[in-house]
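Pasting a structure here, questions to come.
By written order: A, B and C. Residues from 1 in each chain.
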Amino acid sequence: MKKLMDVTLGENVLIYDFTNLYGCDIGDNTKVGAFVEIQKGSRVGKNCKISSHSFICEGVFIEDGVFIGHGVMFTNDKYPKSCTNDGQLAKQSDWTLLKTYIKKGASIGSGSTILPGITIGENAVVGAGSVVTKSVEANTTVYGNPAT
Amino acid sequence: MKKLMDVTLGENVLIYDFTNLYGCDIGDNTKVGAFVEIQKGSRVGKNCKISSHSFICEGVFIEDGVFIGHGVMFTNDKYPKSCTNDGQLAKQSDWTLLKTYIKKGASIGSGSTILPGITIGENAVVGAGSVVTKSVEANTTVYGNPAT
Amino acid sequence: MKKLMDVTLGENVLIYDFTNLYGCDIGDNTKVGAFVEIQKGSRVGKNCKISSHSFICEGVFIEDGVFIGHGVMFTNDKYPKSCTNDGQLAKQSDWTLLKTYIKKGASIGSGSTILPGITIGENAVVGAGSVVTKSVEANTTVYGNPAT
């Protein structure tokens, strides 16, 4: 009851049921909870916990030892649209992918939303329920909407 | 690994795995991501993207070309309760359904919650992580909790 | 298409598909929506509605007649980390479980995040999209981030 397509897994990776992973790279000992989707073109390091109900999109790079809480939504497009101005379905070439970096040992609280194109520093902490709109310095704690 | 009951689908609709749709109407070319539930008595137009982890409830009417981000929660009841005051399980007749309208070309950012009984105007944009408590004018951008 | 392990169910419990429940206790007549995870060491009372996309973790105790909206995230650890300071994967003994109590007849709006170690009082209401950081008195309504 899990769906893995073209996924590169390290050793001792634990992936729960009801998960949808494709084209991504997951490091040793990392755990991925139920109802998680991880898209192509993303990377999760070693010794991470990706908790249930979270979404990790293309262009998100998560280093080792990171905690991602439950229901955390990453993004990679600042102006997402379903269609272009002339009413055609938007294609990959119609938008700009913004990359997001989560550095070693960071912790992102449950229910947070992470705007695209930012870096969350080493051992930084994002409190639960936050909306992170800009980069977070290493070893600092932010929370709120917007997170400060 | 998807569950579709009494669903009316247009042409070229793409529905991912781990989805639960019932009694709803989905227009041509629309894509529905993993871990999405769409309830009876709702409608999604043509050329829409309904991203993973979102919940579209009864009474939500989404026009053509709308983008719904990941983990967006719609609502249809201002005062949801499990039981009535005398301790009985609430029935359909114990509450009032408030309808929500998402107009053509609107974009709702990931991680947003949409309060019931509002209209989000044509080409309006709701920033990621917002809580939308009142109607949004066409061609405007709102964000925050509450979104303004 | 549901996964139930070591679950104690009352009478007339209704559990939708795409659910992951283990080591928990669910009372009579309670309904559990799609894409819900309920962990070991938690309890849900009678006549509750646990709506789709919600996460109920260890140490959460929900009394009778409670409404939990869609996409509600509970937590049980104030300082979640994937690894300890010396880079080892965190074990159960490396953190302190904080218990959360949701009293009879309370209603938690969709898209809310509940910080750990608090009590939400009898018939209290938490508005949709809230981040609840401290206990809520009985018969009161709170909302916002942080909820007040």
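Here, a contact is a pair of C-beta atoms (placed from the backbone, for glycine too) under 8 Å apart; a residue touches a chain by one contact, two chains touch by 3 or more.
Remember, predicted model here, so these are calculated numbers, not experimental data.
Student: If you take the chains that touch chain A and keep only those that also touch chain B, what is left?
Tutor: The common neighbours are C.
Student: Interface check for copies chain A and chain C. Shared numbers divided by all numbers used: above half gives same, below half gives different; which is it?
Tutor: Chain A vs chain C: different; shared/all numbers falls short of half.
Student: Averaging over Cα atoms per chain, report the distance between chain A and chain C in Å.
Tutor: Spacing between the chain centres: roughly 23 Å.
Student: Residues of chain A that contact two or more other chains, please.
Tutor: Residues 1, 18, 35, 53, 71, 145.
Student: So in the complex, which bits of chain C are touching chain A?
Tutor: 1, 3, 18, 20, 35, 37, 53, 55, 57, 71, 73, 75, 79-83, 87, 89, 112-113, 115, 131, 145-146
Student: For chain A, which residues count as touching chain C in their complex?
Tutor: 1, 16-18, 29, 33-35, 47-49, 52-53, 64-67, 69-71, 105, 107, 109-111, 125, 128-129, 144-145
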